[in-house]
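Below you'll find the structures, each written out as structure tokens.
Presented sequentially are two complexes of chain A, the first with chain B as partner and the second with chain C.
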Partner chain A sequence: MTLWEYIASRSDMLAFQTLQHASMIAQCVLIATLIGVALGIAVYRNERATALATGTTSLIFTIPSLALLGLLVVPLGLGVWPSVTAITLYALLPILRNTIVGLTGVDSSLVDAARGIGMSRTRVLTRVQLPLAWPVILSGVRTATQLAMGIGAIAAFVSGPGLGDQIFSGLARVGAANALNATLVGVIGIVVLALIFDAVLVLVGKLTTSRGIRIHA
Partner chain B sequence: MPESTETPQSLAELAADGERTGGVPIELIDVVKRFSGTKGAAVDDLTMTIPAGEIVVLLGPSGCGKTTTMRMINRLIEPTSGRILIGGLDARAQKPDELRRHIGYVIQQAGLFPHLTVGSNIAQVPQMLGWEKDRISARVDELLELVGLAPDEFRDRYPRQLSGGQQQRVGVARALAADPPVMLMDEPFGALDPITRENLQDELLRLQDELSKTIVFVTHDVDEALKLGDRIAILGTGSKIVQYATAEEILTNPADSYVEQFIGGESAMKLLKLTRVSDVALEQAVRATEADSAADVRRKLEEAESDWVIVLDAQDRPLRWESLADLEGATGTIGDLTAGEDDLFDTVISGRATLQEAVEALLNAEAEVVPVVGRRRRYVGAVTLSTVQQAIAEIKERERRQRKQRAAEAQPGVAV
Partner chain C sequence: MSTTVTAPRGQEKQQQEAPIGSRWRVLLTPLAVLLVGAATIGYTRFAELDSTEARSLSLGFLADKLWEHIGLTTISTVLVLAIALPLGVLVSRRWMRWSTPAVLGIANVGQATPPVGAIVLLAATVGIGFWPAIIALVVYSVLPALRNTMVGLQQVDAALIDAARGIGMPAWRVLAKIELPLAVPVILAGIRTTLVLNVGVAALAGFIGAGGLGEIVVAGVNTSRPVTLLVGSILIALLALLVDWIAGLVTKALQPKGL
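Coming up: the complex of A and B.
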């Protein structure tokens, strides 16, 4: 059976797994973005809180994904929950770090000007700081998405949803019929998804970043 | 708005009272600011009154607390103790954000938001005040016009597409958006090249002529302070006022060696820059027109004991000089004298020029005397090097007299 025949023979299931994978990653990254940006806003003005937050997320980052998934099975059982939790935790670090970098990188004289003309703290944040930090935050989201794609594949280890299933079942039956095909489909599928996600995020960046900060006079 | 008998409770109400808001006075009373972790006070018991509608420059070396002083007025920094009254109202009794919307704020390099268009930058304060869209866009265009930028061309540009000078013009427009009675300017022209800086300084003076805001202007540039300030407060460490006076008085009568050192030498040169030609006594030459008879003019010259006559056209605009020697033996009219001669004036100076410019014109024109013109190039007098010399001497003499008078008033009952 060639790769094409393999794909054709179970296109329904592959399409479903691809969609599952995409949807899982999208949701995890979304949750990680919400938490990461909120956390970043909460800590960026305080050096100690910043160190604590980035330290903690870095610590999570150093745990091998397979080990973290295994550990999460104990409280959360098998399936979707440990997968989603692990992916979200990993995606958190680049988003949090870039949010902090982005917000502290906003020219302090602009914040001063904003305060000086009578903007409240919240307004300064939403009208000035976040729009200016946005390109940096978004690049964090892109990194996080790529990371989540790969870790999403390993989620099959704890019976998580997605294309990881193809890879793991292929690897488990090395030498058997279609083992290579299954692994290849899983890997290629994830790579293609990653490229599509990245393209979408680049487009989102173009659409949501003010032309004023893309100009470099 | 009907005449309200209630006194306004906030700067917002004060600003909303009139059609166009002129300045209001600012009083700082026993103001102290101590930052935690530092030994001395950044601002040590400062009391000063900034009169309505004047430009008051806070001048001092970096670290003397002048910026801190200014930032306490709009409560970006809260004083440790003391009171600040703006238009008679206690700044502390008002919400800081609302207070700031009615105090224009201009900082170095303008501080424009790069992700917003020029129009949107200017619209920020009116938006916060909840103005209607039409009113905001009309105001934006009006302000762009006011600061000398064509609205159609600049409204939709982004700050990074503008030069430094244009950005600062927008910065000033943004500060003026809600027509605040008070403007705070923190070294606004410090980062600009000298030519742009001079232009914007002139522009600010022109605007101030029109708007009469109370402007607190922080700088460490002595020339800028002398040029812009109706009054200048020279500050020492801890924002201590060393001298608070007009530019003229500071130059002619520095309070102590610190001030002298700070404004540097060449105070006479600085006075030249400060004094306008129209403010000094000009030479009055004998006048003549083309139609006058040469004999009559010669008689007038002899009466005035003068060697030179200025020839004016029908609109009183200066044409050229004629000397007594030229008139000797001439018959007919003055107009007959000059057939073919091209000694028309290419150098005249405006009454609005400074004495420094006048001296420059005198040196460049290779003439001992240069005519001064007023509106529509109408002749008003002439200036020579000795006119300038005398003017400076008179200013110094006047200041000396005033000083003596003040000293006498300060010690009543003491016989001199």
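Coming up: the complex of A and C.
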């Protein structure tokens, strides 16, 4: 059976798994972005809190994905939860780090000026600091998405959703018919998804970057 | 005035993060790793294990798997460096500059490949075992290492290269005396990343019977033994943290003076 025949004969299932993979990654990265940016805003002014937050996330980051999944399976059981938790935790570090770098990189005279014309702290944050830090934060989100794609593939090992299932069913049948096809479909599907997500994020960056700083970004 | 203070502060922070974090962590990491490691191994000695668990958690078996894991990681990292460093230097020579976007593009696509996919693909085409796993590890991590070497060399100030050429240094001396030493911090950071990454990818080698601590995790899931799964996962995590710590110290020690 050729690769095309394999895809054609299982197109429904493959489409479902691709969609599942994409939606899992999108949701995890979204949660990680919300947590990461909120955490970054909370800690960036305090050096100690910054060190603690980046230290903790880089500790998690150093732990290999298979080990983290294994550690999470024991309390959370097999399935969606350990996968989603692990992916979100991994996606956190680049987003948090870039949020902190982006926010500390904002020219403090701009913040002073905004305060000077009577803006409240919140308004300075939402109208001045976050828009200026946004390109940096977004590049963290891109890194996080790419990472999440690869880790999502391992999720199938703990019965998680997505295209990783193709890779592992290929593994289970190594040497038999369709083993290579299944693996190839899984790998290529994930690479293509990663490229599509990255392109979407670049587009999002173009559309959401404040017009005044687009030249620098 | 405050403008000039803020911008460099942000950069400083980034550079501080690159080595090993705050000072207390330098000793904390190995201590914590030792403690948790001892507790984990101790638990497997004294807990009541059924025969399936006992088989995959005996001291000899654990030591074998740990040793295999270190072997997988070391051999693949050495191979990656042997390929990525010379290749990185080659493609950043002036007459090879045209190839840079192509190489970086391939490197980006390579990074999007899930490591478990690379390993299973190798198993499906080459076969299972130690060497296919090594090939997969090398293929997977050679691209980030290559990219790091290129970036490291690219960020060297062109004026310094011009100056060195100007005082009559031949190209190879400029490379050896100026470009490489100035690129060392970035290259070393890349090697550290490669090494830690390889500890993680080597864990996936357990899927294709190439040995390593990943086999304990796989055995734990396949036989539904949470204790086995947990011990395997903890040992992999500890190994990664320890390797990262050692690499961090080495990175610091090898930093050229004057930078």
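The definition used in the following text is that the second predicted complex is superposed on the first by the 215 of 217 C-alpha atoms of A that agree within 3 Å, B and C clash if a C-alpha of one lies under 4 Å from a C-alpha of the other, contacts with A are read in each partner's own complex, and residues count from 1 in each chain.
Methods note: a contact is a pair of C-beta atoms (placed from the backbone, for glycine too) under 8 Å apart; a residue touches a chain by one contact, two chains touch by 3 or more.
None of these values were measured; they are calculated from a predicted model.
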item	value
Chain B versus chain C as contact partner of A:109, first or second or both or neither	both
First (chain B), second (chain C), both or neither touched by A:153	second
First, second, both or neither for A:54, with chain B first and chain C second	second
First (chain B), second (chain C), both or neither touched by A:210	first
Of chain B and chain C, the chain that contacts the larger number of chain A residues	C
Which of chain B and chain C A:119 touches, first, second, both or neither	first
First, second, both or neither for A:194, with chain B first and chain C second	second
Residues of chain A that lie at the interface with chain B and also at the interface with chain C	109, 112
Parts of chain C lying in touch with chain A, wherever the complex brings them together	2-3, 5-7, 9-10, 13-14, 17, 21-22, 25, 109, 111-118, 120-121, 123-125, 128, 196, 199-201, 203-204, 206-208, 214, 217, 220-221, 226, 229-230, 232-234, 236-237, 240-241, 244
Contact set on chain A toward chain B in their complex	109-110, 112-120, 123, 127-128, 131-132, 210-213, 215-217
Partner chain A, residues of chain B touching it in the complex	74, 76, 97-102, 105, 107-117, 124-125, 128, 158-161, 174-175, 184
Chain C-touching residues of chain A, taken from the complex the two chains share	50-51, 54-55, 58-59, 62-71, 73-74, 97, 100-101, 104-109, 112, 146, 149-154, 157-158, 164, 167-168, 170-171, 174, 179-180, 183-184, 186-187, 190-191, 194-195, 198
